[in-house]
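Here chain A shows up in two complexes: once beside chain B, once beside chain C.
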Partner chain A sequence: MLGLKKKDRLVEQILASRRVVFRCFCRYALILPVAVFIVVFLVIPYANMVVTSLRPFLSAGRIGHGLTLANYQKALADPYYLKVLGTTVLCGLITTATCLLLGYPIAHHLAQRETKHKGILYAIVLSPLLVGAVVRCYGWMLLLADNGLINSFLQYIGLGKAKLMYNFFGVLVGLVHIYLPFMVLSLIGPIQSVDPTWRSAARTLGASGKRVFWRITFPLSIPGIISGSVLVFLLTVSSYIGPILLGGYSVMVTPMLIVQTILSGVNYPLGAALSFVLVGCIAIAVILIFRATDKLLKGVDIYEA
Partner chain B sequence: MKHNTRRHKTSVGYKIVLGAIYMFILAPQIIIVLVSVNAGQYLTFPPQGFSIKWFVEFAHSEVFLTTMRRSFILAACATTVSVALGIISAYSVVRFGGRFRKQLRLFMLSPRLFPAVITGVALLIFYYRVIGWGTTSYWGLLFAHVLVSFPYVFLAVSSQLYNFDLALEEAARTLGANKLRTLVKVTLPLNKAGIISGAVFAFVVSYTELPMTMLLAGRNLTTLPMQLYDYIRWSFDPTGAAVGIVNIFLALVAVWITEKLVGLETLRW
Partner chain C sequence: MATISVTELHKKFRDVVAVDNVSLEISDGELVGLLGPSGCGKTTTLRCIAGLELPDQGRIFFGEEDVTFVPAEKKDIGMVFQNYALFPHLTIFDNVAFGLRTRKVPRAKIKERVDEVLATVHLSGLGQRYPKQLSGGQQQRVALARSLVTRPKVLLLDEPLANLDAKLREQMRFFTRSIQRDLGTTTIYVTHDQAEAMVICDRIAVMFSGSVDQVGNPREIYTKPVTERVADFIGLANLVPARVKSLVSDCLCVLDIPELELAETITATHEGQLSTGQAVILMIRPEGTSLDKVDAETEKDVNSLPVTVKTRTFLGNVLDYRVETANGHVLRVEEGPGKLVEVGAPALLSFPYKNAWTLLVDMDKTISSS
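Let's look at the complex of A and B:
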């Protein structure tokens, strides 16, 4: 008797779980086309690139069978490639720091409730994002070129010419300009969500405006600083249109090297290996940033409360 | 009193700094506008006078017109597919995501989280070696554009759906509408704003996409950003600025529509 009851219950359970599975299936059937699309055009290509990076390179366009680490060895041991990687990371660090320096005041300003003409100011920050990197770099080229507006102005007032483009400085200006909106957008939310009563409490207790900012607003916006910095760093080290247009091949960065290896050398395995070296660098940088800020945050007692 | 005047002084300095940064953000766009209406070959100081000859030049340039038409069509196709995918993904993640909602959201945004160049390289190798499309396939280019533009539709639509009042759907159901009818007649029209602003963003993203397009589009599929990129590397001819005006105009339209429909402040990532 008891055994039969057990069996019944088991059957019931199986049926119930099947119903749940079916319901789940119906729900996820909707998500299926999108999931398939992302798997086919993102996951599989990346998986394929991992395999390609481990294949031996025969000649332009031809890839051998078998597995080898030779491509990674070349990507990591070649002094020229390492130098390029160093330039890329340096470029990323300087750009991220500058974006933070320029983006923070803007984000702070936009996060304030009493700021006027917010719509227009938001539009100023956001619209460049939608103009496209080429047109923005072109604008900078027209400003910074040897016979561009700035130099012609400098000559007009008798100061002579300055080399502003086709060097490291030009690349930095372009990159900072392209990625500044991303930093601002990452910072606004966290700054806005700082509870205003804390600020007024600090003021009531006699803290100056400066002190309130450095002891309350700034420490509490650190999560935004981290996410913004990670985002800008990631975007900067993987950009190549800005560096080509404003650096004119005088500043070589890894993405340019990857594209050159793929398009001119038709060396897919090496290009793939270089891509993953860059991804590895990004991952290491992101981990380091998180580690560093973890320590930093421990020093802020607000977070422990 | 003394305290107040000191605060006022610092805020003036702060305003100057802010103004300078806003100017920095606007500078290249302003210069494009100025160069396109300047008479001279270069914009020098002082300027040489007003002229629309660069727009005339642009209107007569076969290459720019062809590539612009191609970019418009490509962006329109990519937007259509993106809107469909974006609505489906936003709806299913917000409604049925359950405890995996966060992971699913990340999954949907993943195409934008990978560096565009590297995704381009991955797709190029995939197209060449696995599918056999190479760089001459329109489909390959289109899917790549959809991949980077549909997350914007997803973002816009899902942020609206999160704040959507479910009672409205329940009311429709109570009145006898089935699930599909409720979706088509109630949910989608009420989330129109998110869909439109997502679509506008997707269009502009596809229209200006370059890092992936450059890898995936062969000579027969040159888009406008590619053409402009080639052009400005070798000459500073202001015709390029006249072409860039279209981009600036599109960006302003996109921002204006988003501000009107959902408010720019909702854009976060």
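Let's look at the complex of A and C:
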């Protein structure tokens, strides 16, 4: 009798533990495909890149054994590489700032006013996303080229030619156009979440339209400014097509340098090292942004919590 | 301090008429309530007075000054919003100081004034907190403090207590009222809660679909409503269609009740001109009646109706009866908790002439069924 009961209990325990296993399996089974995909196509290649960046470079296409920091030394000490990195970061900062300056009024308008043309405005803002970056850059090339539309017009009215492309300016124009929608989309939500009664309340307390904006709307949209800026900065410093098409090879940025190192120099270790230096720079920039805005966000965080 | 005068205010939103010919006179230091169901235009009226909306027609005066087109930021007002509208990114101190800073008050003075007003609303020491760290009642008091710190001429309150729980709301009613009385600020108080309006307001303007039906002190509004919807909205009322049979005096008339098919007539009080044969509404408040045994003696100047008791509900402080007249018309009656009449028993419903009030029939029959 007693033995049977014991056995029953054992069976029950086994069944219970099986149920737990099954439940765990169910929970993780859905994530499994993505997890496998990420491990195979992201984690392993990255790990491989880390290792590659530490291998000595023998000659084109040949990677030696052993570990060395020589590639990082070169990536961080070579004045040319540093200059390229500087150009990349500068390009990223200017593009981000320009996108913010241009995007904020658009987002503000789209977020607040009940306009009849809201649909059309959205379409205009988002249209760059519908066309690939290459096509967009070619579009800009038609406008900015030495014998393009703008220069033809300038010549027609007798102002002569201006150098608009294959320089820093051309690259910036292209990048701002490509990444502006990301900034606008990041800003709309937070601006929309600024309760209109806060603005009404500020007005009843004597604040002019300008003051209401700088004291209420703007500080409360800082989360959007941060996320939009981080997003645009990340996308800009890692962009390749814009700089190569609109800058020619006169504006060298790190992604172009990496591609050149790998494809022309067939120097995989240095290419990998350059990539990680870029990632490091991005990480530092993002951390700095979050640090700088931490204090500003104090109250905002509380209201979102 | 100032009087407020609103004349023939109109406001439309696209095709929807929000405010339709509203006129109000508010004297210095008075607290007037705008009472009405949601969507009746009371908040829009308030926002027009605040300068947050521009009226399509009409004039608004603070004292002698025409402020119709003066925007909110140039008016000397304080306003409390239903959701308090505290700035979430600013501390309580900075919230309250906001209005003083826009007015360029010196720093030392700001500190003094903010501390003073926070003490008035019993929130001393909470200045460095953020709004979300405060309870609803505390937030409401911060909103009140913020609107009062600039010592405005006019205080506008838009359902300031609607988001509080019942108990706190009751406390805050008296608190808000006593602060207003101490400061003597001319105040407009928007609410949909009639009990709140009764407690707080010197006078109440009852609004329906964009227009003011009646302005009067709480007692007038309750005992002598001028329209059916006012009678229906304020408290409980039995409303029975009737016809004027004869006029007894300036304030007494005899009514025929066709719907009740009564042999008897009812004598009721009225104000203003009535003519024989005119269709009117008879209003009887449930607490203005008494329910007795059939053979009870009737006093002088009292109407009495034979009824049957349908239901009886014990509500603690009152007994809520539904009684049926001979032809099946149901009336509500409230009696003291000790006065038990059996369900199903015939009874005599009696009410003095002064508790039967004659209303004019509304021009537009928009009365909601209660």
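One rule holds in what follows: the second predicted complex is superposed on the first by the 273 of 305 C-alpha atoms of A that agree within 3 Å, B and C clash if a C-alpha of one lies under 4 Å from a C-alpha of the other, contacts with A are read in each partner's own complex, and residues count from 1 in each chain.
Basically, a contact is a pair of C-beta atoms (placed from the backbone, for glycine too) under 8 Å apart; a residue touches a chain by one contact, two chains touch by 3 or more.
Every value quoted in this text rests on a predicted model; they were computed, and no experiment measured them.
Look at A:Trp198: by the touch rule set out above, it reaches chain C but stays clear of chain B. Once the two complexes are laid over each other on the shared chain, residue contacts for A:Ile289 go to neither chain B nor chain C.
Look at A:Pro219: by the touch rule set out above, it reaches chain C but stays clear of chain B. Comparing chain B with chain C, more residues of chain A are touched by B.
Once chain A of one complex is fitted onto chain A of the other, the partner contacts of A:Ala207 are limited to chain C, with no touch recorded for chain B. Once the two complexes are laid over each other on the shared chain, residue contacts for A:Val259 go to chain B alone; chain C is not touched.
No residue of chain A is contacted both by chain B in one complex and by chain C in the other.
On chain C, the positions that touch chain A within their shared complex are 47, 50-52, 71-75, 77-79, 81, 83, 85-91, 98-99, 102-103, 130-133, 146-147, 150, 156. Chain A meets chain C in the complex at residues 195, 197-198, 200-208, 211, 215-216, 219-220, 298-300, 302-303, 305.
Chain A meets chain B in the complex at residues 27-28, 30-31, 33-35, 37-38, 41-42, 44-46, 48-49, 52, 63, 102, 105-106, 109, 118-119, 121-143, 145, 147-149, 152-153, 156, 177, 180-181, 185-186, 188-189, 209, 231, 234-235, 237-241, 244-245, 255, 258-259, 262-263, 268, 271-272, 275, 278-279, 282.
Looking at the complex, you find that chain B touches chain A at residues 7, 10, 14, 17-18, 21-22, 24-32, 35, 42-46, 85, 88-89, 91-93, 96, 104, 107-108, 110-111, 114-119, 121-126, 128-130, 143-144, 146-147, 150, 201, 204-205, 207-208, 210-211, 214-215, 225, 228-229, 232-233, 236, 240-241, 244, 247-248, 250-252, 254-256, 259, 264-265, 267-269.
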